[in-house]
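Each in C-alpha cells, the structures are laid out below.
Shared between the two complexes below is chain A, which has chain B as its partner in the first and chain C in the second.
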Partner chain A sequence: MRHVEHVMGTVVSIDLADDLPEPTLRALVADTCAWLHEVDARFSTYREDSEVSRFRRGELDLAGCSPDLRHVLDACADLWRATDGYFDAYAGGLLDPSGYVKGWSVEVASARLAEAGSVNHCLNAGGDIRSRGRTAAGAPWRVGIRHPWQPDKLSWVLAITDGAVATSGTYERGDHVRNPRTGAPARGLRSVTVAGPDLALADSYATAALAMGEPGIAWLAKLVPDGYESAVVTEDTRAFTTAGLPVAL
Partner chain B sequence: MTSSRFTRVAGPGNSARPSGPAAHPPLVANARARTTALHRPPRAASPALDDLLGLVDSGLGDLLGLTERDVIRLFDLGDPSGPGDRPEPGSVRVSRDNAGHHPRPRRRPPGDSRRTRPGDTGA
Partner chain C sequence: MRRSTAAAVGTLTGAALIIGVRLSVATPAAPVASSASVDLADPNLDAEPAATGTAAAGKSGKKGESDSSGEAAGSSDEEAAAGTGLKNGDHQGTAVKNPYGTIQVTIRVSGGKITAAGATYPTTADSATINPPAIATLKQETLQAQSADIDAVSGATFTSESYVKSLQAALDKAGA
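And then the complex of A and B:
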C-alpha cells in the first residue's frame, strides 16, 4: 500500500510492503499520518500554540516539557557536541530543533510501524528516507541520490533494507545552511548524503557536514565505525564515498 | 602545425593577450565540459580511506607527512557521475535536499529569527 501525506511543510510517502489485510494496512497508514501531524502541531516553530513555541516564550520550563520535547532537546545538545557545534539548534538565536525533528519523527514512525507488525516499509519525508525489510518483490529498497546539478538524474543508487538515508545540499534552496562559526553560507560542498541506522542522526550529520564545508568529508569518515556511511559531491564536482556505502550493484 | 582546436593563451614566454572568441570561451562550452565530466562513472572507493584518516588522527600522519587534506585528495573519486540513469518512475525513492513545499529554516545567521512560512517544521 502506498500513501502520500502533506505534513510538516513537505510530502511524506508511506510504502507498506507487508502481506497484511488491507484494513490493517489502512489503519497503520492512518496511525502514521496522525503521528506526523501530531509532531507538526507540537514541534512547529511557526505555530504559536506549539509546545516548542511555548517553551521558546518561557511559558514552559524544562520540567514542564513533554518527554518527547526533552528527548529532542537532549538530542540537539548531543548533536551540538558531536558535530563540534556545526549542528546548532540555536543557530538563529532562538531554539529551532526542526533540523532534528523531521528525521526523528520519521524514525519514530518507522519504529511504531514495526511494533505494529509492518516490518517491510519505506517512509520518504521530502527526500529523507527510512526503510525496513524489503519491497513486496523481496528486494532491498532502492534509494537514489539526486544528482546535484541534474534534477532528473542520480549520482548513486543505494540498496537499503534496514536503515536511513538523508541528503543535505545547496542545490534545492541555495545558501540555506550557514557555518555557525562565521555566519556565512556554507561553502565547498554541493551535496552530502549520509546512510545509517537512524534517520534523525543521518539527517543531522548531513547538515553538519554541509555546514563544515570540505573538512566535513574527513569528519564524515570518522562516523563509519558508528555505522554511518556517506557520499559527498563538492562544489567543484568532485565526488567521495566511504568504503561501506551500500551502493546497489 | 598547430591544431585549430587549441588556443594559445597568455603565459610564460607568451605575453600576447588572446583575442577573439578564445579570450572569452562561450559559457555553453563550459557547461558542456562540466556535464561530460559528471557522466563519468565513479571510481570504487578504497577501504583504506577510513584507515588512513584514522592514521592522521592518531598523529602518525605527521611522520608520513600526511594531512587529512592529502588523504582526501588521494581518495578523490573524481566526478559525481552517477549511473547517469533516469530512474524508472516508482523504481527508486530519491534522497535529496528537502523537496518540501516550504524552504527549511535550518540555518540562519545569528540573530535572524525570521520565519519562512507557517506550518513548516521542516528539517
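And then the complex of A and C:
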C-alpha cells in the first residue's frame, strides 16, 4: 500500500510492502501520518504553540520538557560534538532542532511500524529514506540518489534492506545550509549522501559534511567504522564514494 | 603521501633533537605494539642503507617485554662524530603516554647527523580510528547520470511545492 502525506513542510511517501489485510495496512498508514503530524505540532519552529517554541521562549524548562524533546536536545548536543560543531542546532542563535527532528521522526515512525507488524516498508520524507525488509517482490529496496544537476537522473542506485539513506544538497532550496563557524553559505559540495543504520544520524551527518565543504569528504571517511557509508558530489562535478557504499548491481 | 611523510619526518626530527640530549642516560623499552610509521629503511629518506632493527638488535643486551617493532633500544656505535656529539646508530626516545596510547620516537644517526626518524604508535581498539592505518578515504569516480528502475529517490529535501516536479512524485503516481 502506498500513501503520500504532506507534512513538516515537505512530502512523506509511505510504501508498505507487507502481505497484511488492507484494513490493517490502512490503519498503519493512518498511525504513521498521525505521528508525523504530532511531531510537526510539537517540534515546529514555525508554530508559536509548539513545545520547541515554548522552550525557546523560556516558558518550559528542561525538567518540564517531554522525554522526546529531551532526547532531541541531547542528540543535538551529541551531534554538535561529533561533527566538530558543524551540526549546530543553535546556528541561527535560537534553538532550531529541525535538522535532527525530521530524520528522527521518520526513524521512530519506521520502528513503530515494525512493532505494529509492518516489517517490510520504505518511508521517504522529502528525499530522506528509512527502509526495512524487502519490497513486495521480495527484493531489497532500490534507492536512487538524485543527480545534483539533472532532476530526472540518478548518480547512484543503492540496494537497501534495513537502513537509512539521507541526502543534503544545495540544489533544492539554495543556500539553506551554512557554515556555523563563518555564517557563510556552505560551499564546495553540491550533494552529500550518507547511508547507515539510523536516519536521524545519517541526515545530520550529511548536513554537517555539506556545511564543512570539501574537508567534509575526509570527515565522512571517519564514519565508516560506525556503519555510515557516503557518496559526495562536489560543485565542480567530482564524485566520491566510500568503499562500502551498498551500490545496487 | 610524499608530503605528509616529509611533514612527519620534520616533526619527528624536531622531537628527536630534544630527546637526543638525553640519549646518553637511558632508553627504556616501551609497551608499544606496532611498527614505526616512518620506515627507517625508507630509501626516500636521506639515510645510509641499513636493515631496520636486525644489526642493532643483535648488539642490544635486553629487550622489552613486548617486542617493539624490532628496533633495539639505545644501541650505538662507539664513535661519536666530531663536533655534533651525536653517536651513530639507532636511538629510541623515552616512551610518552598520551590519552591515545604510548608513542615512542626513534632516530637514526649517521655521520653525526640525524638521517631518519620514525615513531611507533598504539594499535589498541580505542586508538585504531585515530591512527594512520585505520583512516580510510573516499575514492574518486566519474559522476554518472543514469536512469534505472527504483523504489525511492534520495535527494536534497524538496518543499511541498517542488515535490510535484520530483522523480519521487512520478514514482508515487506510478505506484498508486
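Some points to look at:
By definition in this document, the second predicted complex is superposed on the first by the 249 of 249 C-alpha atoms of A that agree within 3 Å, B and C clash if a C-alpha of one lies under 4 Å from a C-alpha of the other, contacts with A are read in each partner's own complex, and residues count from 1 in each chain.
The rule we apply is simple: a contact is a pair of C-beta atoms (placed from the backbone, for glycine too) under 8 Å apart; a residue touches a chain by one contact, two chains touch by 3 or more.
These numbers come from a predicted model, not from an experiment.
After superposition onto chain A, the modelled positions of chain B and chain C overlap sterically. Legend: residue contacts after superposition of the two complexes on their common chain; A:Ser110 is shown touching neither chain B nor chain C. Of the two partner chains placed around the shared chain by superposition, chain B is the only one that A:Gly92 touches, whereas chain C remains out of contact. When both complexes are overlaid on chain A, the residue A:Ile145 reaches chain B and chain C alike.
Once chain A of one complex is fitted onto chain A of the other, the partner contacts of A:Ser230 are limited to chain C, with no touch recorded for chain B.
After overlaying the two complexes on the shared chain, residue contacts for A:Ser118 are found with neither chain B nor chain C.
In the superposed model, A:Ser53 makes contact with neither chain B nor chain C. Of the two partner chains placed by the overlay, neither chain B nor chain C lies in contact with A:Thr83. By the touch criterion stated above, A:Thr32 is placed in contact with neither chain B nor chain C. In the overlay built on the shared chain, the residue A:Val4 is in contact with chain C alone; chain B does not reach it. A count of residues in chain A touched by chain B and by chain C gives the higher number to B.
In the superposition on chain A, the residues of chain A contacting both chain B and chain C are 6, 9-11, 13, 15, 102, 122, 124, 126-129, 131, 141-148, 150, 152-158, 165-173, 191, 193, 217-218, 221-222, 224, 233, 237-243. Those residues of chain C whose C-beta lies close enough to touch chain A in the complex are 129, 134-160, 162-163, 165-169, 171-172, 175-176.
Per the touch definition, chain A reaches chain B in the complex via residues 6, 8-11, 13, 15, 39-40, 43-47, 88, 91-94, 96, 98-103, 122, 124, 126-129, 131, 141-150, 152-158, 165-173, 176-178, 180, 183, 186, 191, 193, 203, 207, 211, 214-215, 217-218, 221-222, 224, 233, 237-245.
Residue ranges on chain A touching chain C, taken from their complex, read 2, 4, 6, 9-11, 13, 15, 102, 122, 124, 126-129, 131, 135, 141-148, 150-158, 165-173, 191, 193, 217-218, 220-222, 224-225, 230, 232-233, 237-243, 248. Chain B contributes residues 34-35, 37-38, 42, 45-50, 53, 56-57, 68-69, 71-72, 75-87, 91-113, 115, 117-123 to its touches with chain A in the complex.
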